[in-house]
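Paired with subunit B in one complex and with subunit C in the other, subunit A is shared by the two complexes that follow.
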Partner chain A sequence: MDKFVDANSKNNKAISPVHLVALVDIGLFALLSIRTGVFEPFIMILGGTKIVLTYTMYLILKKLKMGDPYIALIVALLASLGLTMQLRLSTEVGTKQFIWFLLGMGIFFVTTFIYHYFHKRIRAIWLFYGLMLSLFILTLIVGVRINGAKNWIIIGPFSFQPSEFIKILFVYFMASFVSNPEKLEVELKGQKITSKWILMGLVFVLLGFFVLQREFGTALLVFMVYISTLYVFEKAVLFSVINISVAGAAAFMAIQVLPHLQTRVTTWLHPFADIAGKGYQITQSLFAIGSGSFFGTGVGLGYPQFIPNVETDFIFSAICEEMGIFGGIAVIILFMLLVYRGMKICLLLRDPYTKVVAFGLTTTAGFQTFLIIGGVTRVVPLTGVTLPFVSYGGSSLVSSFLILGLLQALSGSILREESFNDEKNHNKQ
Partner chain B sequence: MKKTTTNSRILHVFVVMSILFLVLIGYMSYFELRGKSSLMSNSYNRRLKAYEEGIIRGTIFDRDGEVLAITKIKNGVTTRSYPYKRLYSQVIGYSNDMLGKTLLEAQYNDTLLGLNALGVVGNTMSLITGEPKTGNNLILTIDHDLQTRARELIGDKRGAIVAINPKTGEILAMVSTPDYNPNESALDENWDYLTTDENSPLLPRAVLGLYPPGSTFKVVTAVAAIKKGLDDFQVEDTGSVVIDGKTFTNAGDKVYGTLDMISAMTVSSNVYFTTLSEKLGGRALVSTAEKAGINKKLNFDIPTSKSKINTKIKSDTELAATVIGQGKLLVTPLQMALICAGIANDGVIMKPYLVKSVSDRNGEILTTTFTKKLYRFTDAKTANQVTDMMVEVVKNGTGKRAAISGINVAGKTGTAQNEKSSQGGYDHAWFIGFAPADDPEIAIAVLLENQAEDGGQVAAPIARKLMNLWLNK
Partner chain C sequence: MYEIIATVTKYALTFTIYWFIFRIAKLIYQDIKTMTVWESAKVTNPHLKLLSTLEGNDKQTVTEIFPLITGTTLVGRGIEAQIIIADPHISSKHLQIENTVNGYVIRDLASANGTFLNGEKLMKPLILKEGDEISLGVSKMIFSEGRE
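Moving on, here comes the complex of A and B:
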């Protein structure tokens, strides 16, 4: 039984969505290859590779019944928009992004195939926490400051952002807690301290590390995932409220004492007050979105390069400028669909551990999308997280594809395993 | 049991996330429709300049095709050139790389650059043909001859002249002085002086200047009085009247004897109208003034100030001052031209406009502005009654100097006290009028700041010369 294909799909004559993805790819890459007036075959080669890869991926997932066939297609479409925008901004950066994309696809497949061998073996809450802490400490020791935040590790020619992986580890940390909360119980002077208070302490230490590295966006993201998980799986309303209050008070104090955090808030509230300085980036983003209007200037006809860091944090503004806010809304709807499919997987899973993992990964991707799109449109303060699958950057792309691979595995092999076990149990009785 | 609640809570989170995404979509739509309008013209929006590069800005013509503003290319450098220098500076404004854009150049920037829907076809064509992109042209309602003459007549006085076709709302001439040379080198050179001089030479007085209307406002008072059935009101004019403790006198302390409304208008008796004000009441006056557009924001092709009347007139003294155009009452010269045009056009004020049509680079007309009713100021009968009074003003009264032989001219003079005159300076001189009275083709408002002579002496002759020129064209 395949839970992810509609019952009537056997008779469904509608065009398979994979063809639609290919059609979008043909349009985007063809347009891109002639945008300068001279035909660039290189772009077409990249486009062709992308299409072949999309079909291969889809057929493998479908034939081998590896779970939800749509999440990877949604991502394929997002990646198309990301790749074409990156190539349009700069062929060099776009090509690098393409290589990262290929690596991401590789990681996606490897994860999808081998994940079920591991998921039962490693469920050690202290291991996950230890890994997160070591990544933090490693960053603090050998980390490099890029754009004011000391959150990069450079090894030879490669640089990566540990926080992109800490957020995934955090999901596993939460899953371990929900399935085995007793492991956090500590006895202090004969007094038992309830595991959730230990959890709260550990989480706030993590948040402190994020703030130390000026990763306010990731801190907020992790906190949102934390609270959502508490709400769904712990049903501890009062405890959630306490957490939110403490975090709110801490954030309020942090804003008073940390000037760079203060700056984020003031530029959010009054972006035009210091338009030549601190408000420059966000106002340029607004100009870009505004000048694109509903239908956009057309790919290659706008000026997204006027926005500093357009290829990472502000890629969404570039999409809005050249593809219009209809293009931007399409991106948002794709993420909504992705979250919907993720939640569907989460609903089908029964083992609390895997359920929390699916839930955490989905909310991580979803909230991260909200934070960055809300940031560049000035709905919320700009916190500098990346737009999954679209923003430029190896760490971001690889961690996004890792999340996709994990979700894919959960929807395929893991779900099958669960149903199989259920049936077995049922037969025994 | 536990599982269902977990799953329903998962759905709660999904709903919350969906709402967050919908908020983003909603905000972005709002931003495109409303939010962005005020910020896109910010000078830090480098796109504006980037778009302009390589686009040849459209030409601005007068109603007969006279070039008023044109972009010239010399050695690959484009400059905006205004062949008549200061003549159109207070209508067209300037387009300057460093100093930005004002007036029509600013308001019609997208049209002149071909950036709005009208320009899409042409610019898409030039993408294919490789020709330089060209914006669209503006054809104004202004008549170059009339504008030139108006500027000559006002000379070095400070003030404004607005000439309008009362039947259509087309602005035929609009002059504000002092003015300036908007050409790039002159503008850059004089910028410090232009921005700091106490006479505000950058201010388009015709649309942004606010002045007490003086006796020209008696036209509005008359409309209000007729509406209230006070047509036959008579006063024994003894040269002065005391209202609530304050004495009002006629100009030059003249005594006119028995006056009805028409003779009172002819001689511009303050005694008559201030006495009338007690019968009229503040509410009737304010509502008539508002019907003529006072206290309302006027959407025009260039920015305008809102003319203002105090809606809560407190005392009889204040009301008496207001009916003769003093008190808490300020109007733009354009507003007075509209009131005059409303009387001329059977009580209907047409929407004023400066841009007659937009054409593409080949001279093909793309859009034409439709004439539109703006306000129903009063009914035709009242308008004709007031016209008769204004004809008498020019025939036998204070406006004799506006008379043209063989043509019925209607008019009203005004001499308005202001801040400067109360400190020993001169009053403002006003004249509003239209001709021919029975089939008006032109309505004019003339305002001259701080003149030694009154409106009938200095402002009326200017109106006469302009009406004469227009009617003989």
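Moving on, here comes the complex of A and C:
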């Protein structure tokens, strides 16, 4: 086993993090397989597959020197917690989630290996905008309404949420803007309109589409990514403030007009006023977190199924109930480390385009985590976004793994390419 | 029986998860340590400081430090440049800075909007001095020999 030990570490005796992920996997899956009283080999097979996949992924990334070794490991641990929690809630849902996880891992590898072949060619701002608009229009025409939001497309046995992919396209749209802002400049009656105002118009049209589909969570997420990119890369303080005020005013008006949004806000402010009705979900979530105490009830011993939608939006409450607040805090720390690594990748890149892509992908994952964990713990109003890598949902899991694959590709091949070009220029002299 | 096993495992699991977090944090810490060394090396060697003007504010701040090591450093907007600046008024290959025996020589590469050294348009290659201000597009850079 010696060759698995991290070479970076000065103390070679220290156990590599990948073994710890495997240890957590063994514990969780073994526990689940004996939960019903009889031994269930099926769950052990799933657990074994997960462990083998984790080691394969780690060794491939390590041997081929494909960049940051930590982000994939952090995600592997998050995925273990997510998968076992789904399996614990219901074997059927958990098995489906496991299939999505396998697909997600496949997408992660494909993206990591092939992305750098074409990342230089896709820098067309209008292409990304067109793709986003066509996804929106497609959803409006053939979309199906599930849980109040008309954002599902169903093809045969599969259903997916286009908005999960729109948020990734949006990052590329912003990156194209930051690296080539002059492409958005329009001349109107001899007067030049600055590209920033055009961008603002385009983004608000997108937000309008989100509101049409009642996807307030993703709209807020996209807006947060937009503002932080503007603030960080354009240093446009005043412009950001204008954007926030316009969006704030629009949101305030929307709350007055749309009853759906009004309910969200009132249940956030006064959850205990209508405890049996509208406030049921959030109060059950709070009770679950509370009953978990420090170390939780133990996996399989709590009652997380009392929370409606526990497998998607409220998975964090279920983790808090059964693994305790320490488990919950661990999840938050893992996401923080993930965001930190993403920012590190962003800082190491030199090309502004890839820099914005790395920044945007990291902030998307980070803000999404903040919105949903804040939502279920009643820090911010509840919005229907998923917890990346943990919540149940094919589109969510696949898009999260796509983000991870893109970050891995940026940290590996592209960083290497940039330093290789440096070297080539040196040797020419 | 299951309850006892689950209770024991929950402590073990929490411990293992935090152990994992601790290991990752430690590896990251070692990473940062090496990065700080590299960052300070940037300042002690010859480098260019990119200044940026905050919107609606005349105060200029250093946003990025680009080290100049050996050979020729290409500055521009294109992906071939070693110092890439996202500024629409900069050509893709705007100027180059060459390390010669006499010092660092700046040369404009027939850029569309020209290069200005201390406010004057750069017509022929010149040797850079400490604190020279290079303007290109709407961006400004300061040359520094580095300090010990």
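In this section, the second predicted complex is superposed on the first by the 413 of 429 C-alpha atoms of A that agree within 3 Å, B and C clash if a C-alpha of one lies under 4 Å from a C-alpha of the other, contacts with A are read in each partner's own complex, and residues count from 1 in each chain.
Going forward, a residue touches a chain if its C-beta (ideal position, glycine included) is under 8 Å from a C-beta of that chain, and two chains touch if they have at least 3 such contacts.
All figures in this text were calculated on a predicted structure; none of them were measured in a lab.
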Exercise. In the superposed arrangement, does A:I325 touch subunit B (first), subunit C (second), both or neither?
Worked result: first
For this session: Applying the touch criterion given at the start, work out whether A:Y340 contacts subunit B, subunit C, both or neither, answering first, second, both or neither.
Result: both
Exercise. Of the partners subunit B and subunit C, which touch A:F223 in the superposed model: first, second, both, neither?
Worked result: neither
For this session: Check whether A:W152 is in contact with subunit B, with subunit C, with both or with neither, and answer first, second, both or neither.
Result: neither
Exercise. Which touches a greater number of subunit A residues, subunit B or subunit C?
Worked result: C
Problem set entry | Partner chain(s) touched by A:K235 [first = subunit B, second = subunit C, both, neither] | both
Exercise. Of the partners subunit B and subunit C, which touch A:Y280 in the superposed model: first, second, both, neither?
Worked result: first
Exercise. Does subunit B (first) or subunit C (second) touch A:F173, or do both, or does neither?
Worked result: neither
For this session: Based on the superposed arrangement, let me know which partner A:R350 touches: subunit B (first), subunit C (second), both, or neither?
Result: both
Exercise. In the superposed arrangement, what residues of subunit A touch both subunit B and subunit C?
Worked result: 233, 235, 333, 340, 350
Exercise. What does subunit B use to touch subunit A in their complex?
Worked result: 3, 5-7, 9-14, 17-18, 20-21, 23-25, 27-29, 31-32, 36, 39-40, 42, 44-47, 50
Exercise. Mind pulling up the subunit A residues that touch subunit C in the complex?
Worked result: 6, 8-10, 14-17, 20-21, 23-24, 27-28, 31, 34-35, 37, 70, 73-74, 77, 120, 178-182, 233-239, 295-296, 298-301, 322-324, 326-327, 330, 333-334, 337, 340-341, 344, 350-352, 421-422, 425-426, 428-429
Exercise. Which positions of subunit C touch subunit A when the two form their complex?
Worked result: 2-3, 5-7, 9-14, 16-21, 23-28, 30-31, 52, 54-57, 63, 69-72, 74, 79-80, 82, 84-86, 88
For this session: Can you check the complex and tell me which residues of subunit A touch subunit B?
Result: 228, 231-233, 235, 272, 275-276, 280, 283-284, 286-291, 293-294, 302-303, 306, 320, 325, 328-329, 332-333, 335-336, 339-340, 343, 346-347, 350, 355, 359, 363, 366-367, 369-370, 373-374, 377, 379
